[in-house]
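Per-chain residue numbering starts at 1, and chain names A, B, C, D, E, F, G and H are given in the order in which the chains are listed.
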Amino acid sequence: MDEKDIRILTAIARDGTASPDEIENATGIPKSTVHYRLNQLREAGVIENDLYDINLEKVGLSITLISEIWAEFGEGYHDTVGEKLAAVEGVNQVYFTMGDTDFVVIAHLANREMVETLVEDYESIDEIERTSSKFVITTVKDEQNPLNDFDVETLVTALAD
Amino acid sequence: MDEKDIRILTAIARDGTASPDEIENATGIPKSTVHYRLNQLREAGVIENDLYDINLEKVGLSITLISEIWAEFGEGYHDTVGEKLAAVEGVNQVYFTMGDTDFVVIAHLANREMVETLVEDYESIDEIERTSSKFVITTVKDEQNPLNDFDVETLVTALAD
Amino acid sequence: MDEKDIRILTAIARDGTASPDEIENATGIPKSTVHYRLNQLREAGVIENDLYDINLEKVGLSITLISEIWAEFGEGYHDTVGEKLAAVEGVNQVYFTMGDTDFVVIAHLANREMVETLVEDYESIDEIERTSSKFVITTVKDEQNPLNDFDVETLVTALAD
Amino acid sequence: MDEKDIRILTAIARDGTASPDEIENATGIPKSTVHYRLNQLREAGVIENDLYDINLEKVGLSITLISEIWAEFGEGYHDTVGEKLAAVEGVNQVYFTMGDTDFVVIAHLANREMVETLVEDYESIDEIERTSSKFVITTVKDEQNPLNDFDVETLVTALAD
Amino acid sequence: MDEKDIRILTAIARDGTASPDEIENATGIPKSTVHYRLNQLREAGVIENDLYDINLEKVGLSITLISEIWAEFGEGYHDTVGEKLAAVEGVNQVYFTMGDTDFVVIAHLANREMVETLVEDYESIDEIERTSSKFVITTVKDEQNPLNDFDVETLVTALAD
Amino acid sequence: MDEKDIRILTAIARDGTASPDEIENATGIPKSTVHYRLNQLREAGVIENDLYDINLEKVGLSITLISEIWAEFGEGYHDTVGEKLAAVEGVNQVYFTMGDTDFVVIAHLANREMVETLVEDYESIDEIERTSSKFVITTVKDEQNPLNDFDVETLVTALAD
Amino acid sequence: MDEKDIRILTAIARDGTASPDEIENATGIPKSTVHYRLNQLREAGVIENDLYDINLEKVGLSITLISEIWAEFGEGYHDTVGEKLAAVEGVNQVYFTMGDTDFVVIAHLANREMVETLVEDYESIDEIERTSSKFVITTVKDEQNPLNDFDVETLVTALAD
Amino acid sequence: MDEKDIRILTAIARDGTASPDEIENATGIPKSTVHYRLNQLREAGVIENDLYDINLEKVGLSITLISEIWAEFGEGYHDTVGEKLAAVEGVNQVYFTMGDTDFVVIAHLANREMVETLVEDYESIDEIERTSSKFVITTVKDEQNPLNDFDVETLVTALAD
């Protein structure tokens, strides 16, 4: 993958569309090039289906961290701290929970420098009092569409009016 | 949402495509109906963009649980147990971690009965010794495409060859 | 259950009596209506016996949370914080304990919005430093009269002078 | 309080009624005596209102324990263990929870011998692997009717159809 | 035991002697009375041997608490806090430890009011940040002379020059 | 201290008396020697008062360990395990507690070999599942007579009939 | 670094000597080559001084893990398990401790595959019940000669006879 | 070992060389004496090989402590606190980790007074909020050269370009 590939993939992610025209608009890369590159990325398995789902391992974001975050308790703190966490680069999911942790955060990163940057970004958020991060050895499952987590009949029973 | 909507959304998730032809093949619902329904779902915000990302809250999977799972330690146990966890209905992400928990599992569910079923599904996996689940009060962030977690320049620096 | 039912049930709870006269005084609902409604509530199982015990599930308070609360340690803090916790809506039991938690609090709530309000109410109590709440999956037993927890002979032995 | 008082109070608890006739039937104590004793118990504050709510401290059950219980994980274990816990004398509430404890149990007891008996009763339940009990120093609140935990308007909003 | 007994026992503890003359000096109780009372206390098992060891249960100090205490970390804090803990009434042993607790404290008390007083005494020590107390169900062993914890040959090997 | 000193001190501890006659009987050391040695030990501060209390540091038992012990849960286990713990050399106090530890054990030892022996003695008790020991840095207080932990007036109020 | 460099460095480590003759004997690499390579490694900072201390980062072992290990409690288990841990490739230090962990293990590894291998090696040791590993972000200090941890005067005072 | 031995060993550690000339320069001890002493230390096993590795037990640093350290969270705190920890006498390794502890520190000490000094040194670092130290019972492995932790073929595979 080179810079062009990354700009194309990012444009798809930003705009929620894979239309070559829009990608050309967003990146300045001619749409014929866009078309050619997308085919290559698809063949390499970086892009996984018609919906342009990303293969994390292949795109190079091969490190996953699960962090527990405790913040200074106070009125409305879960909103303000939650937003600051969500804005940290690499942070993919932020959950405010009812158990003995305030936030559970999942981040995908490319290398060790990014791990150190993430830790420093957490340190720079004033309200945070403590963090504890687990390194993921194996991602057994990370399904992009939650509907795939169910048998279709279960969904019909649970969700249909 | 009625049964037809759910079957259409599930077909998209299964096949990784939103082509009306393929959806008709998979569901038996005429493609004109498919087309009409998809527009309605898009307007209602259930489908979020051209890539057919799902809005969890709107689709009715409004309960999120983060579970820590400890299993009986033994050779190769993280593969066998990991696969059994991945097969439980509602389980969206399964991580085998290096810290003091074996697995961290994230599930999206529609209602309280599904919570009880999930707990019973965990109980029926022999190797599991203990589980501890946190109820998510607020999902601050759950970004479907991890590339959106970064500034594009950061990605270029980290990922380009 | 409609508003009248709720006002009647609340009046019984407030005044510790089920006299239709007193309920009419407290609510302004004519005692004949009170009489009729109470019979209906008894038949529906909302009221459980002659002593007007409430069925939590049927009255709609179907969510139970058990919270551990840690407060800033200081002279007399367990009185002041205890009272503030007792005043939070939905809080049913507050115990100041000798173990590694300051307070154990049990609350019954009707829905998810009330869970968020409860968490915010805790956040607004200055002295509180941390809370950790467990979601109850099944209430196996919640006996309103503790004498029913014993064989009568055990009580005679233990309590009679 | 003597044995007669205790038998009368227990009959009320068992049958959910304070009718002197029924109490005479259940206990063999003449209803005139029942009547007289109930007045005395009410004056002493053992009985608290027309609904015959019990004052735990005055009835002599002045020790409260909150126990966390971990049981051997297995299919359906939460039902079988839950029922065994509910059957232990003195146990008033049994909750099966989603957090890092299987059960939270609250018991009211009269004296130290009963504490030892309770611990031995837990030990004799095969599936139990560990217990940890907290001694309650002060019961700040233990409201018998959960409707009293709310402002009436909150209940109307939350519960009325 | 009446007040005289307690004053005599306390004088023995204070002065490290059981001489009737010294006890008369310390308490004003005539030595003939002292002599007579000591015999009675010995027969009742309150005093256990010629060295006047005390039977805790018989003297009425039947409640034992083991507390873990965390204090504000700072230069020399273990001396100042240790002394304050040692001065709390009922506190019998104070250990400053190397593990995850600052102090382990053992106290013997007579009744529940004294438990509450102890907790309040801890609360009034500024540097203390948290306490966690365990209630002792059974004291399996509490040997007053540590030499009795060994076989004499072990002691000769370990301690003789 | 030599072997004779240790045998004399141990005889006092065993028999609960300091009578030179009884010590001669127990040890075979002539009572004139006993008399002379006791004076020397008193001057050296090994013996602390007329009641022959021992100074742990001076007698050479300068290491104190506080161990938490978890045993296999089962009917009556706290009796059998408690007795086995009490029989381990060096173990001075054994408490069966209500909190998240089964036993708290305090031991006084002379040197590092004895620490290893103690750990091995714990390992050889079948029912024990886990131990965690804290090394005591400073013994702030270890009062041999618990009556010295109180003001005499507090004792009179709490203990006198 | 190529294979020759690694064989030379390993020979030094194995034999505790940097004599070119012995290295030639051990590796079959001519001593002139050995001499030349050692100079290059010293210039690159892989070898740090005349004592041939290794720079972990430069030699490529840039990942450090600190693992806590709990094993099945039993007679002599700390010897057998300790030796098995010491034999795992990459394990540099193994400590059997007195606190709430059985073993603390430090390992240096080169890449993520080696992390997975290490975890699998732990899993294959029967007596191990649980492990918890921390990823080291920064090694602030790792002094190869412990005498460098002290002022020389401190050492003279503490160690000289 | 006397003072001269210690000064010679320290000079070797400081300068990373065992050249008698340099040791004479650093210590003022004539190089013939240096030569003679080194032979003696080698025979006694204090020095272990041609690379002058130190035997911790024989040099008298027989106590090992593993400490977990939590510091006040804040921007850049891991650098400043890490350096302060590294400067404490006796501290041999300092790791800043990703898990629920900030720092893991390993120290080698000669006696109990040095343990107390270490604890006081930690107390005097302002940013430190809590420490928990484990006493090492047995050092199963402490390999000075990490290359010895691997089979040479493993190293070739992992490290060779």
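What we mean here is this: contacts are C-beta pairs under 8 Å (C-beta built on N, C-alpha and C of every residue); 3 or more make two chains touch, one makes a residue touch a chain.
Quick caveat: nothing in here was measured; it's all calculated off a predicted structure.
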For chain E, the least number of touch steps when starting out from chain A: 2
Shortest chain-hopping distance from chain C out to chain H: 2
Separation of mean Cα positions, chain E and chain C [Å, integer]: 42
Whole-Å gap separating chain A and chain F, where each centre is the average of the chain's CA atoms: 60
Sequence positions of chain C contacting 2 or more other chains: 78, 98-100, 115, 119, 132-135, 137-138
Chain D residues touching chain F - in the complex, by the definition given at the top: 65, 68, 115, 119-120, 123-124, 128-135
Touching residues on chain F, where the partner in the complex is chain D: 70, 73-78, 98-100
Complex interface listing, chain B residues touching chain A: 1-3, 5-7, 9-10, 12-19, 48-54, 56, 59-61, 64, 66, 78, 82-83, 85-86, 89-99, 101, 103-104, 106-108, 110-111, 114, 132-152, 154-156, 158-161
Partner chain C, residues of chain B touching it in the complex: 115-116, 119, 133, 135, 137-138
